[in-house]
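These notes open a run of structures that come right after.
Heads up, the next two complexes both have chain A, just with different partners, chain B and then chain C.
Moving on, here comes the complex of A and B:
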């Protein structure tokens, strides 16, 4: 029987191979930052294929599950929603996948990212993992995704463990989640045979601590006018701390290069865009079809995404003193800091206070609230954010898009809406 | 200084000719299937009405409306949000909130004392609260658009109509007709339903008086009354045809452009 999951993974690996070759042969100002990101993806897919072919353990898991633990246990893992996240730029099957997703008997108002992952599971397009580590925050939809894997004929016998995130974020809750992470380690050992070496965990965490520190420094430099950071590599910090090369020195090298690049530009008084006219806060995840939108924003309006929701997550640095401090702080970081989890769990205060902070610190001219159809928390709090921006005296635009499906509000419609907004507000 | 504003909407084309800050002529025509033809026809008629010989007599023309990119003779185009706000402010400088109800969308804009847009929200995803909705209901009730407005004002016990979607509202209306509900109360109920939606949009940008209605549906007195009741404030009547507010705004921007050049 053909292993469609393996076939698809091989095809995705080949796509990244092609992308890497293309980037290497077409040097640009961002090549030195883009190429390592593509290489990280390529190696990830190669590792997945190798593990499947050699019968080694592979885990299906998600960001915000303390990925340092996987690295320290030397367990390869992949994220079932990663292909959908990669989007049109890196997923050549996007439109076919969306059409397949449309045929699922699930409500179309569930986040498309999660519906796509359900489709991948149902259609056997993911490599069959040894075990699944689920994630049940920040939204209801993700719980439905795990239910889908329990209903799938191909997946229902795969052992699954989902750390139970407490609703609150006090010390008791953090301790509880730390205990959940320990249970996750036991689960992984039981099903993969791999053990956690605390010394190795310390090494890994020390690297990710450095990565997060450098990320914070890059964010500080993004305050400069003009902004020295380019949207095209904007997803890099998150990908390298939560998904690829986690705790790997190559990831650290990327951060060092990105920081050096921004520093050089700030010292020279240069931004990525020569004529920066609008400093924009895009307060959500970048749409997967962003490659159509961001260059247009720059060329047509001189609009630069100075900050976004993915990038603005002040992460807790983990105290590596001993096992207890590491688990405690990893719990805190993954329960409270990661993008979407940070903003969507709890009340709207994090959204609101982040907007206030970013608008002031980053000299933002306007706030764009993309209002992804799957982010019901955002739909509920848009009025609050509008009022926050009104108080700040900063124009606010809520669009209404599907971050993962360009058919919902097409890139052209988004451009039209943004043009109307910029014109009406006298920006650019 | 002779300038023109051309507002190509989904239902109608509007053109205004202004001379030294005063309206010389204006024309409203039904839109054709080709925006460029609508633009050319309505502008030619406005030019003729103004006693001018050709479009060349105008020093600057600004196009607006959904078909603004298809106004071949425009020196530039500006979004209808900016134009309606500018037009409403010129017609009545005390206006701070504009509710523009066009053929296929509706928008609410808040603005400052200079007519600059501070915030806006729009509904362009469905026909709810637009001219198309009222056209559909007038067709179902066989009373014409003018009749819809007149009947609405006569309703004493507006029917509860929960649907704002024109398709579902049509079903509700048919049910109410079959149940024997008075026509005037059905029509008043329809207006209440749309006024409720507009009220929610106004609250999003913040209700600041004066409030004015622009666009073709602004001529519907029944809608103005229903909106007044929902908002709890009076809707200010504009001293000129509210349907041409966008074209006026476009012409005013044309004047500013010329001023800027000179």
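Moving on, here comes the complex of A and C:
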């Protein structure tokens, strides 16, 4: 009998196996970018199953915890909230899981993703980890989730450590966070028996440095008019630098292929869309139901998501000179760069200056703040965003969605809101 | 439902069996933003510094010669102005507070200091800086954990605030003044604990409604005066016959609750609130700052990060937090617990979930309530409390 905690993981593994076969048998213009991502996911799920079945250490962790360290320590990890993106984002369990989540006595005004994570834990739907490296950044909800997970009957005996993020991003903050990462290493050694080899960490970081460099080049090409890439590209770099194949040369090959693709398009003066009419900044992560919305934006309005939160990071390169420089720069990268963390942690100047820079650099026609119901700090910043956009002379739209629950504001309602906005602003 | 009436000058007065002048002054301070003590302070040339969150080392503000005022939005009736900057999914406390700020309600303040207490409050700092002319607007980074590295981090934060105040006021804050301020505030804490000792009695001489007013007042007037009034009140309470007309003894838990009227709705149903775990309550004074520490800044950091009772904003401290509540349940002979939460508060949202599960296992009656900052659902609260008391067989 399959362990309940592995059921979903095994289903995911099988799903990606099928998807890989399908993509290999049905080549398309984007197969060379999709296939490696599917393969990376397939390997991830296979490794999770293998580790659990063989009793090897597995940790539950989140992005922004310097995953290079996990790779260098040869510890397999999975992200608990990734379960919400099952089926390569198509999530066949979504409605059932949302119903299960609704039955949980956690207030429904809390981020649905975090409530779902609690549901997965309580319902025993996640592989049981050896240890947990929590993430208590960038929002209150995730701190509260981890505190509740510590007390969950399913997980309360599993040791947990969470690096403490300071609110600022100055040198003092980076040094402090670097020390927290060192304490994370001690915790991992204590609970998994694995040790950190600094030489191995250097090798891993050298690969991710190359990945980040290529990511930067890809992003710079996205400035081109027309834009050579569409919304789908943001998830790839994020996945490969923070979640899958971290420090693996195959991840690097994906970046090289993606860059080559962009260069080819830019040189040919070809955009992702033949008739690009709106260049849009989607200032948040992608909803799980983006497969419904984003293609519609392209087809109906000629709107390209030129930049988004998944894609935009300032690409801190890690100085591999010695252990100290690596920890310092990994702290900086994970405190200041990663998706949502960069935008939500710290004072509003951080995200406000990003909006200014992206709008100018990427020739943005309009800024959309989807206003996910869980992003309370963003909700409390909506006036600032509006003023920043007004000063830039770029139209701004705040919608009000649930990134993980299409029942909150349905994709059709979002389409209506966006159509009205484009029409009113004379866009497209 | 009305907790208070207005005197001839239109000031709200708390209805209470406690008749002393001291209590009247204290309750008036809780029911107004600018109370007579603040007015007097300002007339004498004193300055007021507003701050958010009970983790603020207000001793430092006192030592700088300023009057620390814990920000609240008592008397607010709407959020028309602040709704431009906040959204409907934000907690109503910062929305009301910022609305009053935009109306000019805090214009006379020398400055405002925030802490990254929560996602809602931390954005008050950003909006305040952009929209209001206040010259001193600062935010402190409070760690999420309570260990030694976190105390060291916060020590630097306190030291930075000290430097900022010194620069702003063009003065020095010597250690002696800080120690004096710590002693003064510790005295407040000792008096407040004495007040709570009375509540352990079978016939507590003070209700939860009254006690909340007294504690709120302590965040809105000079500590010397407050200690004087509280001492007078304690003398009076020692002679009181106390309250015996109640159906159950309750413990109230939650985040920001500065409105005695909310507690009165509960107590009007017969549930006497005998203690609490609130940040306008016991979490302010349950233990003292170490007056024998190596230096006052370290003493402040140690207290505010690690020693005082934490709230769910802090990670990894649930066991200590709930342990203290369990002790209170025993010492105050508590029959049931009400865990209230401001809607949209993520910290207390998950904490309610955990507490409910834990208390269920221990057969501790527990009522989970959501509310708005401004008392708006009194009818619903009344019904829920009635039902809760009935389920306890009271």
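The definition used in the following text is that the second predicted complex is superposed on the first by the 421 of 428 C-alpha atoms of A that agree within 3 Å, B and C clash if a C-alpha of one lies under 4 Å from a C-alpha of the other, contacts with A are read in each partner's own complex, and residues count from 1 in each chain.
The definition used in the following text is that contacts are C-beta pairs under 8 Å (C-beta built on N, C-alpha and C of every residue); 3 or more make two chains touch, one makes a residue touch a chain.
Computed from a predicted model, the values in this text were never measured in an experiment.
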Once chain A of both complexes is superposed, is A:425 in touch with chain B (first), chain C (second), both, or neither? first
Would you check which partner chain A:298 touches, where first means chain B only, second means chain C only, and both and neither mean what they say? neither
Touch test for A:140: chain B only (first), chain C only (second), both, or neither? second
For A:68, using the defined touch cut-off, is the partner it touches chain B, chain C, both, or neither? Pick first, second, both or neither. neither
Contact-wise, after the overlay, does A:329 reach chain B, chain C, both or neither (first, second, both, neither)? neither
Please work out whether A:383 is in contact with chain B alone, chain C alone, both, or neither, and reply first, second, both or neither. both
More residues of chain A in touch with chain C or with chain B? C
Which of the two partners, first being chain B and second being chain C, lies in contact with A:97: first, second, both, or neither? neither
Quick check for you: in the superposed arrangement, does A:308 touch first (chain B), second (chain C), both or neither? neither
Touching A:167, do we find chain B (first), chain C (second), both, or neither? second
Please write out, lowest number first, the residues of chain A touched by both chain B and chain C across the two complexes. 383, 398, 400
Per the touch rule, the chain C residues reaching chain A in their complex are 84-87, 89-91, 94, 116, 118-120, 122-127, 130, 139, 141-145, 149-150, 153, 156, 312-313, 315-316, 318, 341, 343-347, 349-354, 356-358, 368, 370
In their shared complex, at which residues does chain A touch chain B? 383, 386, 390, 395-396, 398, 400, 419-421, 423-426
In their shared complex, chain A is touched by residues of chain B numbered 78-79, 81-82, 85, 109, 116-121, 125, 204, 206
Under the stated contact criterion, what part of chain A meets chain C in this complex? 104-107, 109-111, 114, 118, 134, 136, 139-141, 143-148, 150-151, 153, 160, 162, 164-168, 172-173, 176, 179-180, 183, 344, 347-349, 371, 373, 376-377, 379-384, 387, 398, 400
